Amino acid sequence: MNMTQLPIIKDIYGFLGPDLLVGVVGLLLVLIFVPLNSAFLVWVERKVAGHIQLRPGPMEVGPHGILQSLIDAVKLMCKEMITPDLADKPLFWMAPCIVVIPAIVCFVVIPFSPVMQIRELNVGILLIFAFSSISGLSIMMGGWASNNKYSLIGAVRAVAQSIAYEIPLLLSTMSVIIMSNSFKMSQIVSDQSTVWNFILQPVAAIIFIICSTAETNRAPFDLVEAESELVSGFHTEYTGMRDALFFMAEYTAMFIASSMAVVLFFGGWHGPFFSGIVWFVLKAYFLVFVTVWIRWTFPRLRFDQLMNFAWKVLIPISLLNLLVTAIVIKVL
Amino acid sequence: MLTEGQKKLLEELKNNLAKSVPEAKISQSDYVLTGYHLEFSSSKVGMRRVAKEMRSRRFNLETVTAVDFIDSFEIVYLYFNYNQDNIRVMVRIRVPKDEPPFTVSAVYSEAIWLEREVYDFFGIQFKEHPDLRRILNPDDADYFPLLKNFGKTTITGEIDDMLC
Amino acid sequence: MLTMKTIDDININERLYQLNLGPQHPSTHGVLHFLLTLDGEVVVKAEMLIGYTHRGHEKMAENRIYEQFYPNSARMDYLSGMIFNTGYCEAVEKLCGIEVPKRARYIRVITSELNRVASHLLGVMDFVMGIGAYTPFLYGWDDREIILDLLETITGSRLTYNYSRFGGVRVDIDQTFCDSARRFIDRMRERFKLYNDLITGNIIFIKRTVGVGVISKDVALDYGVTGPTLRGSGVNYDVRKSEPYSSYEDFNFEIPTKEEGDCMARYLVRLAEIEQSLRIIEQAMNNLPDGPIRADVPCFITPPAGDCYHSFESARGAVGYYIVSDGTRIPYRLKVRAPSFSNLFVMSKIIPGHFVADLVAIFGSIDVTVPEIDR
Amino acid sequence: MNTSYGFKQYVKEIFTGSKSLIIGMGITLKHMFKPIVTVQYPRQKPIMTPHFRGHIEAIIFDDTKSHHCVACGLCARTCPSHVIKVQGEKTKAGDRKYGKQYFIDFTKCSLCGLCVDVCPEKTLKFSDEYELAFYSRWDGVMDIMQRLEERK
């Protein structure tokens, strides 16, 4: 008997249409892409750091050590996952699971090329913002559940930091959204076919990059981890694959933040000679490279300075930028 | 070679110290051989008066230490000043083993730790010290390592015989 | 600056908690234990618990002949082992009245100053790493590596040199050493621009260090602070100038001081001191006299009964060796005045009111070596 | 930190700050394309300097084609860590002693070089071997006379 003849399946298929196929295939691709991508990015980070510091970085496994992170992943899977005695066990266990959810879900709406998008949503950008806030929750959960003071300080810092930096992030995004009149990501990209938003909105672009660095807890805003103060911050007590999941989420968040910046400011898939996806991925990886480059150049801010920077510098400037954008658009 | 300023300061110091601690023996010593200009030695009194005198002249307390002379302790305070006329003053106080001296930590905060160290290694219970605990040795140690009767190894004796 | 809360303002049960920073912690430069009482992230009270690497060097000295203490002297402050080693030799020479040949004294100055540059480079870069910049640390390490290689060619070792001997030094330096040292000096002078651009000028670095951890002159005097930490507080005191040992009286150099007394001042003083050390090395190499490198001293020395105090400037401050001799081959008592010991104690005074992140910065800027504190 | 924080200063700080950050990024970017300075240890090996202080070794002299050790034991007595043990032997009665066995516990040696300094026959030197790894502590105890035989 044909399964599709069943009324319930028919209903679901009718409801979802060809999207079901796209959804399943897309999800599979994302599930493959996310770990491989973060493994690649770990390698990129180590290589870039190495060459900046006049050393070669990983060289042993594979040509120029490209397989190093895969081997490390295998090692991490074999490691014992230690749960501290006094930890809140369910939360401790859940935090690394929850942290990968936004990493996977956010890929659903990113338009890699005009055709390569798993699901077109009218509010794609909002979905990404909504889901990326979950990572703050899981950091809080992990830090709280570890029952370690360093973890707790890291977690508290993470919450304050993500609240402070989401505001300028949204404000700078708003100025782009005002320009293209849509929350749809593909719409924003196709609006940039002639001129990138980076040219029209340089201030918003820079603020967006700064804030996304802070949102993904990367140096110089890596107070959540702050090795020299908090040992390892919220994931001090995590070992093995749980720790690796936090890392995976961090690197995927980096990639998503870069993709967002590409969509919003750097013309998405637009570019000469190559097809859309190549341009998109090239641009996204270049932005990832920039964040890595920043990390290995600057010292870390102190917590009060981080807050001052968000509230006294970034928010006023992004508000001003939004105001100017709105006036200019109204006048034109 | 002593400069004029140093000589003057030395004279002043000698007089003032003699005035504040009359029972002490104060003598000038050869800097080239010993590394200090003025030697102040007394038995069991005067370390706080000397410290106050030194502090008023902006001298720096370099170190506090003790030497175990089996029958008694010699507590050594070294003072040095940052000025142009450098004078190092060596203050030796002989105290019997059963009669602990007073602390100078009220005058020099640095002495809190330095005297803790002396207590830690010699067991000298400084009177009126705010925080006299073990510092380098374990908290529960029941020995005072730098006393002469502690841990004399047999190997040393052997070396002594062979080399001397 | 943050307003310092006193204990009376706070309901202890609700607000304060204790944090053990160390003994195993990435930024405590060894095994040092801070027992912090925190209000949120602000330190209310800091207590330093030391002694985790106590090896009893002073007791060891009472159980071995003077020569056998050579290796111990360098192991106290492993970052400026050459200076400690030379200082110990000079203390014993003072006790015995040994006259050291001029060439040996110049070689001691050259090697000590190279060691000081290496130590300062590490100190400065470790401080920067504590603030969170990892790359400058490795650039500094790159420079330091050249010094270590250079010193290895004559001493055969990279940290615990064991190079000075009573009455002189062990191995003579030759033209190749001088040439490489000159090349290093030229390179180092160019590197200052890199450090200034990458670190000193960086706005984040400035924000993190200016006005943080201020040690005033009076506090410095009260707590017996010495070395670059003291000179960062505006006191012009350097043992090399005030009581010239080896042959420092022959050289023309300045003592850099800063009035501010904050982390930035200490950092700048260290960088300026590297520059002055390079000057000293250059002068010493230009005027290097010929002659023997070791005085004629017996294989095992026997100092006369008596005592002596020898003070010298290590990379961290004024070190003193107080040696009491009873006329035998074995010291009766050997006391080391460790500068880091006093420099660390001042932290309990200045830390309250700062963030935990500042604690790391202040600790880095004071630049202590834990084995030297613990001895 | 500064209470009188004017608007002008605020704007100026943003600009000077951004400039300093860009300068810093330029420096690291330049360094990225410089050649590496590290030694890739197992693939490249550093050359030891002539004065390198490894463990001690006996010198082979040309005149006797052997060491000159007379087993006086001065090195054993000077050693601060007491890691040397020398065993001498006389070939025939009335002859000079010569060192037959010379044990050094390298795991406890602090490489101070006092034994080399003090040796009256100057028959000790430092080896330039630095890759010494053992499976047990006992493997660190070596007989340098035996090693001398192997080198011959």
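Going in written order, the chains are labelled A, B, C and D, and every chain counts its residues from 1.
We take it that contacts are C-beta pairs under 8 Å (C-beta built on N, C-alpha and C of every residue); 3 or more make two chains touch, one makes a residue touch a chain.
As the structure is a prediction and not an experimental result, all values here were calculated from the model.
Colleague: Going by the contact definition up top, give me the pair of chains with the most C-beta pairs touching.
Modeller: Greatest number of C-beta pairs in contact occurs for B-C.
Colleague: Specify the chain with the shortest distance from its C-alpha centroid to the centroid of every protein C-alpha atom present.
Modeller: C
Colleague: Taking each chain's centre as the mean of its Cα atoms, which chain lies farthest from subunit C?
Modeller: Relative to subunit C, the chain with the farthest C-alpha centre is A.
Colleague: Using mean CA coordinates as chain centres, what's the gap between subunit A and subunit D in Å?
Modeller: From the centre of subunit A to the centre of subunit D is 48 Å.
Colleague: Please work out the Cα centroid separation of subunit A and subunit C, and write it as a whole number of Å.
Modeller: Here subunit A and subunit C have centroids separated by 44 Å.
Colleague: From the mean C-alpha coordinate of subunit C to that of subunit D, what's the distance rounded to whole Å?
Modeller: Distance between chain centres: 23 Å.
Colleague: Calculate how many whole Å lie between the centre of subunit B and the centre of subunit D, each centre taken as the average of the chain's C-alpha atoms.
Modeller: Roughly 39 Å separates the two chain centres.
Colleague: Where in subunit C do residues touch at least two different other chains?
Modeller: 64-65, 135, 139, 142, 198, 202, 204 - these are the residues of subunit C that touch more than one other chain.
Colleague: Which residue numbers or ranges of subunit A touch two or more of the other chains?
Modeller: 52-55, 296-298
Colleague: Which parts of subunit B, given as residue numbers and ranges, touch two or more other chains?
Modeller: 155, 159, 163
Colleague: Under the touch definition given earlier, write down the residues of subunit C that touch subunit A in their complex.
Modeller: 17, 19, 25-27, 41, 128-135, 138-139, 142, 198-199, 202, 204-205, 207-208, 355-360
Colleague: Can you list the subunit D residues touching subunit C in their complex?
Modeller: Those in contact with subunit C are residues 1, 13, 16-18, 20-21, 23-24, 27-28, 31, 37, 49, 51-53, 78-80, 110-114, 117-118, 126.
Colleague: For subunit D, which residues are in contact with subunit A within the complex?
Modeller: 10, 14, 21, 24-25, 27-29, 31-38, 40
Colleague: Can you list the subunit C residues touching subunit D in their complex?
Modeller: The touching residues are 1, 64-65, 67-72, 75, 135, 139, 142, 145, 152-157, 160, 162, 165, 170-171, 194, 197-198, 201-204, 210-211, 299.
Colleague: Going by the contact rule at the top, pick out the subunit A residues touching subunit D in the complex.
Modeller: 48, 50-56, 59, 293-294, 296-298, 312-313
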